[in-house]
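Next up: some structures, all given as structure tokens.
Shared between the two complexes below is chain A, which pairs with chain B and chain C, respectively.
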Partner chain A sequence: MTPAPVSRRTLPWLLFAAAGLVLLLAPRFLDRGSLNDVWNVAFGVILACSWNILGGFAGQVSIGYSAFIGIGAYTTVLLALKGVDPYLTLPLSALLAAVFAVLIGLPAFRLRGPYFTIVTIGVSEAVRVFASGVSFTGGSSGLRMPAGSFDFSVNYASMVALALAVIALTAALSRSPFGAALGAIRQDIDAAEALGIDSTRFKLGAHAISAALVAVAGSLYAINFQYVAPGSVFDFRLSLSIVLMPIIGGVGTLAGPVLGAVIFSYLQIKLLTIPALRDSYLFIYGGLLILVMLFEPKGIVGLWNRLAASVRRSPGGSDAR
Partner chain B sequence: MPADAGGATPILSVRSLSKRFEGLLALGGVSFDVEKGQIFGVIGPNGAGKTTLFSCIVGSLVPTSGEILFRKRRIGGLPNDAVVRRGVVRTHQIVRPFREMTVAQNVSVGALFGRGKRRGAEAASRVAAVLETTGLSHRAGALAGTLTIGELKRLEIARALATEPEVICLDEVMGGLNPSEILAAMALIRTIRDAGVTVLMIEHHIHAVVGVSDRILVLNFGEKIAEGTPREVVADPDVVAAYLGDETNPLLEECVS
Partner chain C sequence: MQELREVLLNTLLAAGLYATMSYGLAVIYGVMRIINLAHAGLMMLAAYVTFALYTRYEMDPFLSLVVVIPLFFLLGVLLHRFVVRRLPRTTGTPTMQSLLLLFGVWLVLQNLAYALWTGDTQSILTPYTLKSVTLLGVRVGVPNLLVFGVSALSLLALNFVLKRTYLGRAIRAVTQNRDAALLSGIDADRLSAITFGAGTAFAAIAGTSLSTLYAFTPDFGRSFLLKAFCIIVLGGMESFTGVAAGALVLAFLENALAAWTPIPTSFQDAISFTLLVLVLVAVPQGLPGIARKVARWRASS
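So, the complex of A and B:
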């Protein structure tokens, strides 16, 4: 190998920064349709990476994250209808979702494994039914943002910047003591507690952080579509997609949720434009999920690591692992 | 050094501790005191309630009744992590490493979240010191899943030590070890005590317990049947009958001599 001008640790960050810069400058050279695709992918990246903090790092699989998208979206629309600038509502969206995540987590985190997962499905469905049933949310017909000037470029920049920030945040978290605690909880929660880790507190923290990030994405989603309804933001299929992305890419890894979100969001965009495949996408995702679970539980990242290891081993045969 | 008799207040005090699982009385009113700086052995046949006792002390089980006092303050019923942060930690009989972490990362969990709550360089130096003590320095970068059973037993001790405990409860850390490893483990236990940590140890390996303990508690069917110096305990007729077998047990003669 030729001597590298940058170390193996800084190279990914340089690539990340370059990619981020290109994406933020994309409106100067990409058409609106392509920008929409990037927007969708960025939305997916935020959901997948945020979910990965609790579901991947801490191993607590929630299938109820659409609730946080909805909380963010409704907070923004409801306040905008009161005359607040939509972008000023983002901190409140994050805060409300974090509080809700803690309130749900307090009882739910007493349960372990699949029991926790089942409760998250129940809670998010309850939230959807509630939002459809009460009047201040506009019921099942939803709410429209007040008419006003909408600037896609601001929304695009916000969504892409948030996606980049979430990637950087998860990378920082994974190397922090907080990340170490989540990893210990995932691998053996009793052993983690036996070393002084207050598992409930860390799970609540992870839940609150990821919920807050997802809620901000939900706010940006509502600003972009200028409309929010229970059928869109609280859709159970949305909750499932949020889980599928990191699993396909590599659950608990840093790159996995990003890869999964890029592939998933792009597939979704393309499939939805092909009439014959429009209704078959859940079938395709289900098939992908089964393949990943059967053959490579660490997803594409795991597959990549395995291939890289076998390539390293084959010529010299000197590699130990 | 053995504990000075009388006078000193015990660092750990167990008062009429009972634990009931459904119909089974796993512990039926056990009381004992452990002095600071002691090595305190706990022996008894399988199912005597030894591990249940440790689980109640560190809070991974909630006692049915009775009290556990650490430095005169009640810890019985507190959650496991809170007890660890106060300074009482245990190892697991069946090792529970974080298999996807390296040995050093495993130990750092104890340093980061135990009583010391070290960060950064302080955590790193604590980890290095503990790895040195437990003879795992050369395995620091190895994934825990690749260790031998002897190394895994030491990793259990290393992680617990990294929490900077005042009392460490070792649950059969010699199980599955060969004779030379057992000698090394006995030396390690003395090293831990000499560093100021009070040691409680459950051990089936009778030579080892008798060899390192200052005092020994004997449990049988959840009840204390004897407590005293190793010499007193192995000579106790109840202990001989319940645990060590008949009086002509060659093991016993070897221990007493």
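So, the complex of A and C:
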């Protein structure tokens, strides 16, 4: 094999940058419908990769992330109604979600494994009940953004840029000491503690970071749809899809959540247009969850690795390297 | 005085249903160390089956338990045989894998209900649904009384099985010390299948009971699952008297807060969740833990 002009470490980054550039320039050559699809996929990628920081790297599976989308969306809409420029509200969305994530995490992270997961279902349920009960969220009818000049291209660029940033961030995190600590917590929390890792602090950090990113996505979501209601942003199904994307792709891996988000968002877009399948998406979600859990808990990435390993082992198969 | 009597009676009635709901979850957790998230879906499905039997064959909801209980026992055994059994064996703590697997089962059940009965809100209206009687000076709905009767009967039956039969002794043995029980020759696979069937049957009893009290949709059951989970955590996960005590505590808190505080009833579901977090953080061993602490404190003073 001829020596590669770029090293194996920089090649993925170059490919990533090229793909990012193409996506950011896409409005010049793609129609609005396709851009909408890309927007949806980018939204999914942000949610999946952010969730993966806590759920994948640290192994703390939370089924309550719609709360953060809701916090972000409501922060933006409520402030926009007060006359603040929607895009200026993004930092506050992130901050509020991070604070909420820490507040919830303080009691919840005393629990391990499935007990933590159950509490997160409770949190999302309580937040939803609260949000539909109080008046400032607009109740079940929701709130509309003030009529203004909405520009899809700005929203598109923000969403895609954020998705790219989140992918880069998770890649950087996974190689950092912070990511290593999260990995230690996932593998054996007692051993990690014995090594001097303050597991609660790291879990809180991961929770806050991922919550902040998800909240910003929630803000952009609200800006795009110009409307927010407890039934849409605090929906349990939203929490569910956030968990499903990384699980389908491969929990705790870098490529998994991106892959999962692309497949999942694409499936969802396609399914919603087929009337016969529109009512059976829970079958598909549930069925996928069952299949992945029974046969390959590491998702598509795990399946790929297994296939690659068996090809490498078999004498007929040519060595990839 | 009147108000207190009302709260206490309502607490008792609600606690019966809550306990039934929770035992199904507790027995599966005890034997298999699985948190059965599909419990909510099974309750919902039982409500719909009861509804179908009522509308199709005019079968009384409480009478339909004769059909529903064996049906759901069988469903539980099949679910165990074809899905749950394929999980890797766990000892000790429950795995994320089993939790998410049963979560998937829950979603499939929900979609099944959507497909068969659409997403419309349904309710069962029998001639006695709106009737009530006066008991100890408190007006109580007839369905609530019947539900309490069903719960009491099923709890008595469960108690009998657990205390007096080989099967019950085996279940208790595995719950208390899994390894020792398996070493003494208990057929774990068969026991797990029966346990899963029994847990599912209890979910069905709860579901049928709920269907006579509340309107339901395929999304029904999530708040009750959280309540049941709160109760078994409060009751100490494995103790059967603890579960009954946990059900009483939660039911009392809900009724007392509704009667004596201005908290709107729409926030009622949040009570169980708040209690759950408080208990998990403050006394992870639940009520038995508190009882032990009190006993130790009295012994030392």
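Quick notes on this structure:
Here, the second predicted complex is superposed on the first by the 312 of 321 C-alpha atoms of A that agree within 3 Å, B and C clash if a C-alpha of one lies under 4 Å from a C-alpha of the other, contacts with A are read in each partner's own complex, and residues count from 1 in each chain.
As a convention for this text, a contact is a pair of C-beta atoms (placed from the backbone, for glycine too) under 8 Å apart; a residue touches a chain by one contact, two chains touch by 3 or more.
Predicted, not measured: the structure shown is a model, and the values here were computed from it.
Aligning the two structures on chain A places chain B and chain C side by side, free of any clash. Once the two complexes are laid over each other on the shared chain, residue contacts for A:F236 go to chain C alone; chain B is not touched. After overlaying the two complexes on the shared chain, residue contacts for A:P114 are found with chain C alone; chain B is out of touch.
When the two structures are aligned on the shared chain, A:A309 is found in touch with neither chain B nor chain C.
Legend: residue contacts after superposition of the two complexes on their common chain; A:V129 is shown touching chain C, with no touch to chain B. Of the two partner chains placed by superposition, only chain B is touched by A:I197; chain C is not. When the two complexes are overlaid, the chain among chain B and chain C that reaches more residues of chain A is C.
Contacts of A:L15 after superposition: neither chain B nor chain C is touched.
Contacts of A:L272 after superposition: neither chain B nor chain C is touched.
This overlay, made by fitting chain A, leaves chain B and chain C with a least C-alpha separation of 8 Å. Taken together, the two complexes place no residue of chain A in contact with both chain B and chain C. Chain A makes touch with chain B in their complex at residues 177, 180-181, 183-184, 187-188, 190-199. Considering their complex, residues 59, 61, 63, 107-108, 110-115, 117-119, 121-123, 125-126, 129-130, 132-133, 236, 240, 243, 247, 279-283, 285-290, 293-294, 297 of chain A touch chain C.
For chain B in complex with chain A, the residues that touch the partner chain are 58, 60, 79-82, 84-85, 89-90, 92, 96-101, 105, 108-110, 112-115, 117, 119, 159-160, 162-163. Listing the residues of chain C that touch chain A in their complex gives 35, 83, 86-87, 93-101, 103-112, 114-115, 222-223, 226, 229, 233, 264, 266-267, 269-270, 273-274, 276-277, 280-281, 284.
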